[in-house]
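Chain lettering (A, B and C) follows the sequence in which the chains are written, and residue indices restart at 1 in each chain.
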């Protein structure tokens, strides 16, 4: 499979704290890859490094063969990487539709677009994300699920090849999670590659082809969801040492 | 739709009235309205940056002064005709803002405000000391080659045109990509960067455009008054005045700054004629009261339907 | 020894600059209020000293506690009855912070007019019998007045520091600088602290004003330079830092003293402002490393 994003030896330190330590992995074109790990393991930091919001201390990130480390966030967006924020960042004071229009105007092919064409493209994106009915609502009046959906719509408006979703399911009820998963799958079927950072296990495991596990800034494991779930180190990191030992004893007992 | 048509009709009538007005009014009124149009232009110009992006350029008066001096010096020392000198002055302001803007607009909110104040004060002092500006003695511009009554009309229509021009610019910006960029930046700068907005570029552009029109007003002012000196054209009080006008009328709206300018100028004129001696003090007191009771401006107040509850709620909220 | 003279002049006047800046820095750092009336408060302090000296022949240095007290009261009233209405806004983002700027600007104009009404706009100064006397040492001439002014300025800053670090009210003030919510949780009444802080800032302006009257000519319309010094020094020394204000003041004093000799006397303020802008762009945490509060 073709490699879309290649992360090599990326490190990011905040003072003495290593948020990302020597991370290396590839994201393949067309896949949905999950990124999980306990709080503080460096997931959001990694996203910020990829998008250029943070400057990495060391390493290289190549997107479609070109080095993007050191580029400004808006340049990286125009090259084809879009993201959502964990703490949602809608443009307050503007309607849903205007939020999406903003993405259309400045994203990948934004430069040449005239206003009328921008409005039309925005409507297409809203259609895709099932938000047409709400299009004239002011963002302050939206529910949390809608705001998260709007985040995705804004990102999609910029025409990305790679979409980084930072904990888009936090705070959603099961039905809303299912809707979100459906949207993500639909986006993936359009040919867009996705990196999904999540804490909601059921969601990320069901949708990802591969999963990357971070722990204290290091890459702990990478593999299919089935492999990851059984990986001892991962279980220890998430559930603690005692649980792992207990499982081991149970496992031993079972064998006997 | 009908609402829209009604607004355009009202607007059209207003413009017509303003065009016919000077032919029927005395010179006192013509001068008064010319002053209103000048502040209308200044308020609208700064509204382009402030109303859409939320950045407050306390030092924007520096462009008023630069426009005034450039126009004056171009006419005096280089012999340029007025209109060319005027455009030169406004363009110089655009360039200055564009260049200085790149480092300065990386600053956050109040630090940008302070930096602009610092720039304005520094330029003021430099203008006071440099030969070409005739320093503290001030600059006398060439006399206007028109008969008195005609010159009153001339400057009335000139300022009026400037105000219309900058308002059209503000309107156009609000509907197009610059407006979107600025509003996104005001709401959420990181979010704006993530969707491809080169935030610095748009902030600089907005400031440069506001500088152009501020300089335009300055140049017209210089020719109108015939005499300028650093303390009067680089006076931070002028900036504060038009910023209050913007806040008063409603920042980010198209009509707001013009309303605010009209109100403050008319009020100031009334106060001046009634309370000659302490008029600045009274004006200051009014500013204080307005800030406390209507922090979001006239249009906001109007939308609250002038309710007393809203007023009291606002005061209570301000009191934490 | 010109260079030594220039340096000493700069250091001595720098103490006064620091005193001018301390109150301004305190109020900004603690309450997030940029007090554009600070300059006029200084002028008020100067006039109080002038009045007491001219009418009652009280030695200017003895009038300092009086001017400090009067300004303390003025500041307290201003905060309690005017500024507290907009403080809620200054803590938010958006235009809130500018409301305090505009309010204090309007207030300054009101005070200016009142003072012109009472004292007229004529330039005044305070000249005592000992004003002209100087110490002559190692080829340098040091006016006694300037040494005394320097001393009082530093003393005031020291007293403020003791207050902030050793008294309960002072601790409360320092607490809310860092965390208004946290401070309220432990029972600190925000409004009262804002009142005291602003009053202190005004009192310090009063002291600075009394000192100013001995060195410079003053009038209600000459308040701007003091405000501009305050701005520059706050950026240099770091927001809310007393040490930074004094150190920044002395540094600015030296820079201006050197500049007035080698560049020309008219450019003093321009240089100060250019430094301000350069610092904001390249080193916003100030020269002494203290972080700018949001």
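Just so it is clear, a residue touches a chain if its C-beta (ideal position, glycine included) is under 8 Å from a C-beta of that chain, and two chains touch if they have at least 3 such contacts.
Given the structure is predicted, the values throughout are model-derived calculations rather than measurements.
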item: Relative to chain A, chain with the most remote C-alpha centre; value: C
item: Which two chains share the largest set of C-beta contact pairs; value: B-C
item: Chain occupying the middle, per Cα centroid; value: B
item: Interchain centroid distance [CA atoms averaged], chain A/chain B, Å; value: 44
item: Between chain C and chain B, distance of the C-alpha-averaged centres to the nearest whole Å; value: 31
item: Intercentroid distance (Cα basis), chain C paired with chain A, Å; value: 51
item: Per-residue overlap in chain A, given as positions that touch at least 2 other chains; value: none
item: Touch list for chain B against partner chain C, complex; value: 54, 56, 58, 103-104, 106-107, 109-111, 113-115, 117-119, 121-126, 128-129, 237, 240, 243-244, 247, 251, 277-278, 280-281, 283-288, 291-292, 295, 315, 317-320
item: Chain A residues touching chain B - in the complex, by the definition given at the top; value: 51, 53, 72-74, 77-78, 82-83, 85, 89-94, 98, 101-103, 105-108, 110, 115, 154-155, 157-158
item: In the complex, chain B residues that touch chain A; value: 175-177, 180-181, 183-184, 186-188, 190-199
item: Sites on chain C touched by chain B in the complex; value: 34, 82, 84-89, 93-99, 101-103, 105-110, 112-114, 117, 190-191, 228, 231-232, 235, 264, 266-270, 273-274, 276-277, 280-281, 284, 292
